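The structures come next, written out as structure tokens.
Each of the next two complexes has subunit A plus one more chain, namely subunit B in the first and subunit C in the second.
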Partner chain A sequence: MDLIEVLSFAFRSAVGPLAITFALAAIGLNIHYGYTGLLNIGQVAFVMVGAYGLAITVDVFGGSHLVGALVGLGLAVLLAVLLAVPTLRLRADYLAITTISVGEVLRLATRSSQAAPLTRGADGIAGLGGPFYALNPIPPGDYGFWIFQLGSERRVWLILVGWALIALMCLLVWALMRSPWGRVLRAIREDEEAARSLGKNVFSYKMQALVLGGAIGGLAGVYYAIQAAGVAPDTFDPRITFYAYVILILGGPGRVLGPVLGALIFYALFQGADVVLRQASAQGWLPLVDWFGSQAIGATRLALVGLVLMLLMIFRPQGILGDRREMSLGA
Partner chain B sequence: MPAPDERAAIPLGGDDLAVAQRARAQLAEVAPEPGVPKPDPLLRAEGIRKAFGGLVAVDTRHLEVQRGTIPALIGPNGAGKTTLFNVLTGFDRRSEGRWEFGGQDVSQAAPHRVAQRGMVRTFQLTKALTRMTVLENMRLAATGQRGERFLPALLPRTWRAQEREHTERALALLERFGLADKADDFAGELSGGQRKLLEMARALMVRPRMIMLDEPMAGVNPALTQSLLEHITDLRDEGLTVVFVEHDMDVVMGISDWVVCLAEGQVIAEGPPEVIGDDQAVIDAYLGTRQDLDDLGPGGAR
Partner chain C sequence: MSGEHPAVRRGRPAPLLVTGVVALLLALVAPVLLAVPAWAEGDEALTGTLQVDGDPVEGVRVEVTDADGETVAEETSDADGQLEIALPGPGTYDATLDVDTLPDDVVLRDPDRATISPDVSPGATRPLAFPLADADAEEEVASAIPWSRLAQGTVNGVKLGLLIGMASIGLSLVFGTTRLINFAHGEMVTFGAVVAWMLHMTGFELPLIAATLLAIIAGGALGAGMEKGLWHPLRSRRFGIIQMLVVSIGLSFLLRYLIQLVYGTQRQTYADFAISTTVSLGPFRTTTRDLLIMAISILVLTGVGLMLTRTRIGKAMRAVADNRDLAESSGIDVGRVILIVWVLGGALAALGGVFVGASEEVTWIMGFRLLLLMFAGVILGGIGTAFGALVGSMVVGLGVEISAVWLGGQLKYVWALAVLILVLLVRPQGILGVRERVG
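Up next, the complex of A and B:
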């Protein structure tokens, strides 16, 4: 077994654009779920409107990427407000029901032929990202050493910008959550009736939290569209939200760096396991998996990741960065 | 327990002491009749009605709360005491009725507005914010915080001084309620009785004029009950109005200035505790004798 290959692939994935996309989506989700206790099961919807906001602005309206990114963020904010008005006054479950369906409705609407003039239907929109790479100041070459391989100058630029965005968002979350504003969010997570009885306008704070977390989800979408050089509706399936939750719970909800660490570990594990399994299969060590055919490797990988998550929940239910003492108090 | 002069160092934000004391003395001249007007009411409610579908939980004709007093709200289980609390504080929407608090109509106000106006309630099942520290619980409750708005929150310069003031006040109040050494513990680590104390101290951070306690003694051990009772009378003596719901008649007789008895959503009696203790309607409501006698038919005597 080639350990170097496993480690370098794991590193490459952990810092890569997809991990960055998920880290950003999970930072947004952390504001919803980790700090405010809002059960948003449709984070993918925010990612999707962010991505499509950029893509449609550029493709259909011939706008610049910058305008497209702003449109994407604006649409995410609009979606948050639209979701908030009918659901935030109701019990928490209704937000969960609404968000999970909005994600699917958006995906299906986007891929429908009626929407094709705007969205190009199921094929999606390609050819994005050119102006982004035009700004790349990094000289051509292949970057990295030993197991820490980053790739071409284009990938390095993408990664640099991505991690800068993550740093910026973490800074924002940190600054907000140490303030009295963040304290109100945490109080709502603990008991919204109590917050109300102390004179806090719970609806307004939930709305602000939903908008902020949604906008960061939209940012994840804008970034995704650029790194993938396009968008296609079926990438935005509900699994995106579930992976974001896995990442958040893995890292530790309600911690500034929880989603970032979660994304790093999730991707390192997910891709590392893939290489390990393929190598083992090539060596003929996995006769049972091989007997099921080559697709079985993907399924086995998911099962392995699931097992790791189960062990984590048993031994560290508060996530890697969480505080056990806090967790034991329950809600 | 700190000495009285130390306590006075924390202004609570209730009514002017002289006004409150005069108001309390005036209560002696009020006739013990259901719905009787008071000379100096802080709360004045007209025709509060709350129905859940076909069930009328609260239906009071007229109800006033005299400033600077401790009125107790009593009544058998299901009499509508907690519902009345919920309706008055905006947590349940009224079906009908209007009420004024301190001269302002708050009958349609949202719960947070009611609290900001100075009418702060606690809950039957304590709502300590368990995964926040005791001190954070206290700081949260301060009103008018600049740092609670989104943009100023990002600029600590705008709220740091205010936060320091709130922290000082919070620590002083914790000291008063014997929780000072718990300031940095999670609220979830407190005992049941300590949570009741925290909830009371936290409510005071809002600077209320009236504080409404829903069964403050429930589940509290006898030793702590005494201390809670002292806290309640102290608050009144510093100008606050303290309405409370209670089942334990000894407690009610011990500290209340006025008792309102609710049964099946209606005020069936109100008056000074010694009068209410002997009131036949109250005894009937608690023991259920009236219904039993009615069942006997016309021959049944009261």
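Up next, the complex of A and C:
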């Protein structure tokens, strides 16, 4: 009985809107890290400009959601170009340092009072998503059977659109990566000098990869803003990038379906860990809350994710679907 | 998505390793755990202190209205400038300061901020901050250059630069000798600050100096533990740079949230340093506490500089950073040098953490915030060079604090990022760096 409810909850999480957001962000990251070997650890920045592009267009300039989504994607592309110019000619770790800083600085700038006329500061922007639900063709009701419960018609619509976007992006990545363009990206990942000596403009290819993956990150942000019906700066903290990495490396970097599989498993396990830890704490055989206070469950769960990322990277950097020989980067 | 869920009676035990880690941490911090803040429902309140340059402002009226515009509370600041306004319940309120009740020589720093709208959650006490200023000083702001705040920014900037410099020597030396950018370095800073806080403020109640010394030792041990337990084995298995970077990101999250687990999300200061006298040197005003911090930082940094240039081990460090293979073939024990670099870096990071905690506050995220400034400083100065890290850190520290005079405190990190990107565009090897390292 209990197990069924837990399974049902895990299913709800694994296919739900947050898992979809992270799957999209990880698909973008897969183009950076999995296929091109670019160490972007500020994927949250792309997600954030996507979400805020939509939110500001709608809230401040009174544009439609469609225009807002395009603005969000456009801003993600712009951010990618701005990041690419100073860093991509340098060693891999310069991109890492710059991207992690950009992610955090964007968050701080967005929540500052100087930016409040555009971003409404730390409170964020609410009231998004109305026109999206107005398009919903699904009749009202609760959907699902047995342990596979999806929820109301609004949630089903959100999930359907989300998985359609994931399918579309996977198709795009699959088509691009089997083209000559994708082969150049993988060649750059394997041996940049070799690619250069064959006359390929490595800088330009890297920039294109950063832009494409960033735009998919921006799409994740647009979707996130709609599913949360708003944006607030402090939700875009470094954890988002970190989850995207765990998802990608769990599923298999450099594989079309790696991020999708990773997101399904990660979200089910992540939410499952929450249930297990809470129970363990309440039942008294690991009374984390009594020992450490109310933040204990969340903190333990995140520390565990950090440990998982380390262990995965050390013992199985190719994840579930990948090929180890491909993922020994920078050796 | 993580609300209340049904019971899992068939749940498996947590992995052995995790239980071990938790048990170890528990043994270390058992005395702390009793002091969990109480959570009282229905005690919503707003509190604040009205003051100008440390002097309380009495008799100022603040009116609180709820979402419907109804006045729910009204309070006048007492002789200490204190305001305590009890609220009828959670919700969003507008707190308005009655400007007419301010003394003649006192004005709001930002005239548009006479009303603030705190969002009060159940049981919460929210701070009310009305930044006030001396009316005469305000005239100075109106003139082109605010000299006194600039002087203050310079003092703060020197202090911040010294702290960044001290904390980032380890980051830079580790990169120089092993080519690893350690994203967990920020957590080594937090670790030092939190260890000192626990020894000083809970259970043991050691004086801050003793607690700091123990925190430095713990920081060195943490550095040695990371090198012996993680990085050395990974290097001998020929892990690539990118793989090691991702491992260090995982490690930084592991440490960051272990610290949050044990220490919590509170903001705390050290009791020994809570009271401090103001010292004036011409236009520069500082406190005895900050002077002490700066003096010790300069001493420590001079000591490190002398060690790097004059001692055998210091020269060996620079040799390994310069050309590892050449150093190894000329008889230097590279493994030992790297271990010492980690111990030194961990100890300096811990000391830097205590100082940041003493001059600001101790939080679980403080090291990550500082890490971004350290990156900017290290890259500006030239990555892999110990002196470059110091030069770059001073520039970043001064820039951050002086820019805050015009931009305000919220945007000071933006400046650091701008520096970072500009340096990468113009001179990626940094001020003191060598070109061949960056390509």
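Assume the second predicted complex is superposed on the first by the 280 of 331 C-alpha atoms of A that agree within 3 Å, B and C clash if a C-alpha of one lies under 4 Å from a C-alpha of the other, contacts with A are read in each partner's own complex, and residues count from 1 in each chain.
The rule is short, and it goes like this: a contact is a pair of C-beta atoms (placed from the backbone, for glycine too) under 8 Å apart; a residue touches a chain by one contact, two chains touch by 3 or more.
Note that the coordinates shown come from a computational prediction; the quantities given were computed from them, not determined experimentally.
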item: Residue contacts with subunit A in the superposition, subunit B compared against subunit C; value: C
item: Partner chain(s) touched by A:D191 [first = subunit B, second = subunit C, both, neither]; value: first
item: Partner chain in contact with A:T99 - subunit B first, subunit C second, else both or neither; value: neither
item: First, second, both or neither for A:V202, with subunit B first and subunit C second; value: first
item: First (subunit B), second (subunit C), both or neither touched by A:N40; value: neither
item: Which of subunit B and subunit C A:T57 touches, first, second, both or neither; value: neither
item: Partner chain in contact with A:L90 - subunit B first, subunit C second, else both or neither; value: second
item: Touched partner set for A:L307, first subunit B, second subunit C, both or neither; value: second
item: Which of subunit B and subunit C A:Q227 touches, first, second, both or neither; value: neither
item: Where subunit A meets both subunit C and subunit B, residue numbers; value: 329-331
item: Sites on subunit A touched by subunit B in the complex; value: 172, 175-176, 179-184, 186-187, 189-191, 193-202, 208, 325-326, 329-331
item: Residue ranges of subunit A touching subunit C (in the complex, touch as defined); value: 2-3, 5-6, 9, 13, 16, 18, 37, 39, 41, 85-87, 90-94, 96-98, 100-102, 104-105, 108-109, 111-114, 123, 238-239, 242, 245, 249, 271, 274-280, 285-286, 288, 291-296, 299-300, 302-310, 313-314, 317, 328-331
item: Touch list for subunit B against partner subunit A, complex; value: 89, 91, 110-113, 115-116, 120-123, 127-132, 136, 139-141, 143, 145-150, 153-154, 156, 159, 163, 186, 188-189, 202-203, 205-206
item: Touch list for subunit C against partner subunit A, complex; value: 1-2, 5-14, 17-19, 22, 26, 33, 36-37, 39, 119, 181, 183, 234, 238-243, 245-247, 249-258, 260-262, 264-265, 368-369, 372, 375-376, 379, 407-408, 410-411, 413-414, 416-417, 420-421, 424-425, 428, 437-439
